[in-house]
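Letters are used for the chains, namely A, B, C, D and E, taken in the order the chains are written, and counting of residues starts over at 1 for each.
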Amino acid sequence: MSSLIRKRTQKIGQPPGTLVHIGAKKTDKVGIRIIGYSDTQFQEKEAETVEECLPFKDKPTVTWINIDGVHQVEMIEKIGKYFDLHPLLLEDIVNTEQRPKMEDFEDHLFIVLKMLSYREEENEIMAEQISLILSSEYVISFQETVQDVFNPIRERIRKGKGRVRKRGPDYLAYTLIDTVIDNYFVILEKLGEKIEDIEEELVTDPTQETLHLIYDLKKAILFLRKSIWPLREVVSGLERGESELIQEPTRIYLRDVYDHTIQVIDTIETFRDMLSGMLDIYLSSISNRMNEVMKVLTIIATIFIPLTLIAGIYGMNFRYMPELEWSWGYPMVWLIMLAVGVSMLIYFRRKKML
Amino acid sequence: MSSLIRKRTQKIGQPPGTLVHIGAKKTDKVGIRIIGYSDTQFQEKEAETVEECLPFKDKPTVTWINIDGVHQVEMIEKIGKYFDLHPLLLEDIVNTEQRPKMEDFEDHLFIVLKMLSYREEENEIMAEQISLILSSEYVISFQETVQDVFNPIRERIRKGKGRVRKRGPDYLAYTLIDTVIDNYFVILEKLGEKIEDIEEELVTDPTQETLHLIYDLKKAILFLRKSIWPLREVVSGLERGESELIQEPTRIYLRDVYDHTIQVIDTIETFRDMLSGMLDIYLSSISNRMNEVMKVLTIIATIFIPLTLIAGIYGMNFRYMPELEWSWGYPMVWLIMLAVGVSMLIYFRRKKML
Amino acid sequence: MSSLIRKRTQKIGQPPGTLVHIGAKKTDKVGIRIIGYSDTQFQEKEAETVEECLPFKDKPTVTWINIDGVHQVEMIEKIGKYFDLHPLLLEDIVNTEQRPKMEDFEDHLFIVLKMLSYREEENEIMAEQISLILSSEYVISFQETVQDVFNPIRERIRKGKGRVRKRGPDYLAYTLIDTVIDNYFVILEKLGEKIEDIEEELVTDPTQETLHLIYDLKKAILFLRKSIWPLREVVSGLERGESELIQEPTRIYLRDVYDHTIQVIDTIETFRDMLSGMLDIYLSSISNRMNEVMKVLTIIATIFIPLTLIAGIYGMNFRYMPELEWSWGYPMVWLIMLAVGVSMLIYFRRKKML
Amino acid sequence: MSSLIRKRTQKIGQPPGTLVHIGAKKTDKVGIRIIGYSDTQFQEKEAETVEECLPFKDKPTVTWINIDGVHQVEMIEKIGKYFDLHPLLLEDIVNTEQRPKMEDFEDHLFIVLKMLSYREEENEIMAEQISLILSSEYVISFQETVQDVFNPIRERIRKGKGRVRKRGPDYLAYTLIDTVIDNYFVILEKLGEKIEDIEEELVTDPTQETLHLIYDLKKAILFLRKSIWPLREVVSGLERGESELIQEPTRIYLRDVYDHTIQVIDTIETFRDMLSGMLDIYLSSISNRMNEVMKVLTIIATIFIPLTLIAGIYGMNFRYMPELEWSWGYPMVWLIMLAVGVSMLIYFRRKKML
Amino acid sequence: MSSLIRKRTQKIGQPPGTLVHIGAKKTDKVGIRIIGYSDTQFQEKEAETVEECLPFKDKPTVTWINIDGVHQVEMIEKIGKYFDLHPLLLEDIVNTEQRPKMEDFEDHLFIVLKMLSYREEENEIMAEQISLILSSEYVISFQETVQDVFNPIRERIRKGKGRVRKRGPDYLAYTLIDTVIDNYFVILEKLGEKIEDIEEELVTDPTQETLHLIYDLKKAILFLRKSIWPLREVVSGLERGESELIQEPTRIYLRDVYDHTIQVIDTIETFRDMLSGMLDIYLSSISNRMNEVMKVLTIIATIFIPLTLIAGIYGMNFRYMPELEWSWGYPMVWLIMLAVGVSMLIYFRRKKML
């Protein structure tokens, strides 16, 4: 988590609006994919330069420009120039440490989201920033890497499946947001499985490893929470906001997205509570096991120490010890020892210590 | 809990409004029961197809259509077409993972509730989704399985008992919601009994099993909370909302339902606090028991180890050990041992360790 | 607590507004006491039937009808009929599991309160429901049992002491509420004493019993909280509400009641925090005591085990053990043992273990 | 804390507005000090009776009447009569268990504050109630005892230092409130020192005593919080309130007081968090120390028990034990014992147990 | 922390608005640096006296006066006189214990910030107060010491880099605030590294030292929180406030600062949660280690105590002990001991205790 913050400091002292890419450079090539569509028309293009997008800008169709890779600062600057975007908006695109947020620049909305993925081996949540610019004519989406998560949407547009071809860019933006949030359910699912595994482990054989697993999951959930909590405001801001860029029929879909966001947050909170309950079980398991160990020690010691004393007594070298002379002395000692041991065992069993 | 989330992911990538049934398929047959009534009239019918409902739609009576089973997506789609319902509404009916919610579609209200039941053996809460559509003329209710929970209401309508025959569909919807919430008290009751059992167990004989029971109850209460908290908003939204579908005299009844909801939530919170108090008692019981074990060990060891030393000393083989020659040496050692042991016991009793 | 919920379930399936008495039947006879008063007039009567109240209803005096016992459902129904009360209001009177609440029925206000008492032996809070109906002409109060808690008010009315005779029914209602809330201070006082006792016990001699006491008090405070928290809204609703039944000069008195309510809630929260602090002390006391026990064991074992080894060594039967032949061998061993033991003791004292 | 509540119950059953002094009678003599001042005039007087205040009331100067001691109920009643104060206001003055609050009686404001002091030996916060009445012409202040905390203000008025002589009674009231709140910093300071002492103690030598100290401080901070939290509302009510008694230029000073109040509350919360952190350290210190004790025991036992066995073996009396006859048998046993002991020590050191 | 509060008390009893420097005197020389600039002009000067600033005041350029050192109360008073500042504002400048805040004096805004730095060795956060006065013509900034943190801004103004030369004083104020908040990321980074170090340590070798480190970090984060939380309101007050001193285009930059503030607060909360998770791991590590120690003791004792008994038995001096005479008695005892020991080991291995 802290490693994410580290790179930020290189910006200190720079004038605001300076574009400095913050985040890992995750891809070499920056890919531009342009799709123009209306109810009846469809056009698709892989572009090399920003300039190739410009013809699409003036057409009456809905234009979706998708950019994979935000580390080429000059390209982002060009887009800013051509589409007349505020320098701070551009800064937020290249600085991939943003919180999810929505900003209203009157003729366009700027939305920052987090695409999350879960690395099961390290129990770590990986985040990728997705920035959307929504105007009345186009949607521009920025991703850090080439990802195929938006492919089903492209496919639907191509084939004219669903409502997307009949609606404006606000519906397209909704579809993109919906896809990102749907993905969170995949992560919750995996986390849920991990949690069930731990529950299992806690009953059968909890180890120090289990504790570290619980801690790692707790950390992952903290991270998840940090990325998803602000989304609530973002989506409700879109749904209830005053921006005319969001048309009335689309708002009902955004309400649906809002419901999903709340559901994700609910589940995260439930997981948190479950993990803290597990910690209690873990700690009490340790105590219980210690208890068991102590009992074994106590029982052994309590039975054998008195017997050892008896043996010690008849190992004394006093000249006048009448028992030593008795011919049945030795078997008698064995009997006494047996009696003491057995009565001890019975006592422990009665006390439920055995 | 996480198993509920799992199935959701099959929907990812689908266009919104696609009807995919999410949840266990709990029944084979889908049953449709139609009741039409007014103050003076009454008609009841078991239908096979959606089309059979249509004649009821246009009559001046209040129509209640109850559908058991939401996995037949085509049937839901047909209902949507005939009653002019929004695709997202239909999607929410078949996706049984919704949070309780209320949505206002102007000419009809859409309400999602959770019918809960408690499986005592597994300490698990089972949830079934109940969706209601309330218009000025009809109420459509969707259940996942055939349940007899609404039977008393049917009986009351048939016999003209209570106010229900004299009122509109809003009163019918209220009655259904009231029945669902009344059912929560049954669960709280059972949970309350379990909690009392655990309290008993904690005093008499707490085991690792008790701890797991506390954790299971905690989980059940988490689940209950997740299902009931949003209800507060739903009911208060109905009561204070602007929808003209809810008539003034019915609002006073909804206020009553609201009171019950708050009461349920209050009790859930109290249970949570009690369970966390129980955990503290459990943990301290373990500590106490360990303490007891340790005391036994300590007392035995502390008494017998010095005695063993004495025996050891007179077991040494030094040529010149005057005591060994004394004729009263051996009984003296016995006396010394007795004295040491008894004074130890007295010491421990004084220190309140015995 | 859960036992309170249990009886509720007998109502499930009944049409709303059905009067079913929920709660223990605490008295046999239902007593009706009627007081009519104005600045100059005063009349008092013990009635047998509801009908005897009716003449009072139409007089210009303030009428106070007090009913002890709410289990005779027919009587409550009659009152409802004569005074034109809503069926849900009547239902709330006989269902003694209500939360404190205030409902405005325009020409009358309905107020539910909890009269609490504390059984010191069981550390349990007992609750009795008090319902008030305030109109512009009368106050009707319902209690579960015959209680003398309102006697001082009756006495004041009879003797014309205080302001009550000069004011309307709103002031009478205020006086009743004030009396109920004043009673909470008695309970807080007793709980405060118990808490001080536990504090004392924690310092001198905490036992498993102390823990259960802490838990019982915690439960009592949970119950208290549940009964008193909603009162805040009730009183502030009366004070700031729009109802014309509350006259301006009475509002200032209600503000005073509000202050008391907040004070009670504050104290409850403080008690909660103190109890949780006590739990920490208790748990650490157990740990400390275990520590003490362990120390005794460790010191004894650590001193005697090496000595036993020495004795063991000179108990060996080797033919050639020069020390055994020395005439000062035996006393030397004693000296060695003494030296080892004393240096051990010094070591422990230095390590602050003794 | 609970002792404060106790006395309250003597009021139960009394009509509201009955003046009953609640609180310890802290002084015998009731002192009245009157100061009248304007920009140019100044007059000061020690009065014996309330009547002596009356001439001041009608003068154009600002009048400050300070009353030390509120247990003489008749005197308070007289003041109420002369200055036309509401009976509930008078009741609040003599009942010294009020929460801090501000009430607006249109032509005068009533403010209740808590003057706090900290008894370091008992770790207890002592509270004294200060009531202020602010009208457009005078300020009346009530204290429980003779205190010199307002002396610097008197001095400033006498000498005409600062702004106080040039302003109205609202500024005087502000000065009094400011002085009370400034005093809280003294307490925070002392608590801060105590906390630092405990921090020190926790590192060097935590005892059961430390725990009780932490608990006492926690209780003191709970009490502090209870007395200071409501102040926030009081001061912000004065600053932002609609009362015309507070003039515009004084509001800016009240904003300053508000800032101080927030600062005090912030610090209290920080102390709370620090104390809970300390508790964790304390508990883990106990665990650690137990660990140390256990280690000593384990190491000693583990080293000496095997050696004792060896000695025991060669103490057996078998007729045929070849080792016993060897002339180097005895030294060999010593060597074996040494070897076993040393290798054990090495083993423990490797395992980081030593 | 408490040491910060201590010095405050010297002010008690002083009339409000009295300038008393509270805080460490961190520098001797008080430095005044004046910069005047517009889009085309630039002038810079190191001043000795406040009077030298006055010519700048009346010029049409933006004037930035930076004062290093606030302990020379007379100088601050002079500035107050020349620039017509409220005495309470001046008091807040010299009292360096302020919370971050923003106050609107109509023709100027007063902003208090905290410049923080982190001393890694002591794990302590050091705070320095930065006060800003923003009017329509000038910005005055007060620092406690000479710091070079604002140098990059000066450099940018000198060279005309960035937007700063083209904008008014509100943009300059924004730049100063932005610089302060950017600095918080440096601290978060360092804290993040520390936290990662502790995570590492917890896995490998947690000691009592680790616990104290966790506590110190927790304290540092408490302090950080106390200094940064109020900032949220400050920045949002500037952004959304009604002051005309902040021009519209600057508000968008302040929104950006607001985002950063939220990000800092988010990270602080995450750190808090992580630290509390670490504490759990630490405590359970101690328990685990104790468990390990106990196991070693138990195993050793349980194996050797029975063997010692056997040796003790054959060390008894009974005249008639047949085994002693057997020629294979001694090796048989060895075999028995071996058998007992090995079977014990197997038993423990099966029980997973080894």
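Just a few scattered comments:
FYI, a residue touches a chain if its C-beta (ideal position, glycine included) is under 8 Å from a C-beta of that chain, and two chains touch if they have at least 3 such contacts.
Given the structure is predicted, the values throughout are model-derived calculations rather than measurements.
The set of chains in contact with chain B as well as chain C is empty.
Rounded to the nearest 5, the angle that brings the Cα atoms of chain B onto chain D is 145°. For the pair chain A and chain E, the fraction of shared interface numbers is less than half, so the two copies use mostly different residues to meet.
For this pair, chain C with chain D, the centres built from the Cα atoms lie 26 Å apart. Chain contacts: chain D has residues 283, 287, 290, 294, 297, 301, 305, 308, 312, 315-317, 321 touching two or more partner chains. Neighbouring chains touch in a ring; in the direction leading from chain A to chain B, they appear as A, B, C, D, E. Listed in rising order, the residues of chain D touching chain E in the complex are 152, 156, 161-164, 174-175, 178-179, 182-183, 185-186, 188-189, 191-193, 195-196, 203, 252-253, 255-256, 259, 262-263, 266-267, 270, 273-274, 277-278, 280-281, 283-285, 287-288, 290-291, 294-295, 297-298, 301-302, 305-306, 308-309, 312-313, 315-321, 352-353. Within the complex, the chain B residues that touch chain A are 1-3, 5-6, 8-9, 11-18, 86, 88, 91-92, 97-99, 101, 103, 205, 208, 211-212, 215, 218-219, 222-223, 226, 279, 282-283, 286-287, 289-290, 293-294, 296-297, 300-301, 304-305, 307-308, 311-312, 314-317, 321, 323-330, 333.
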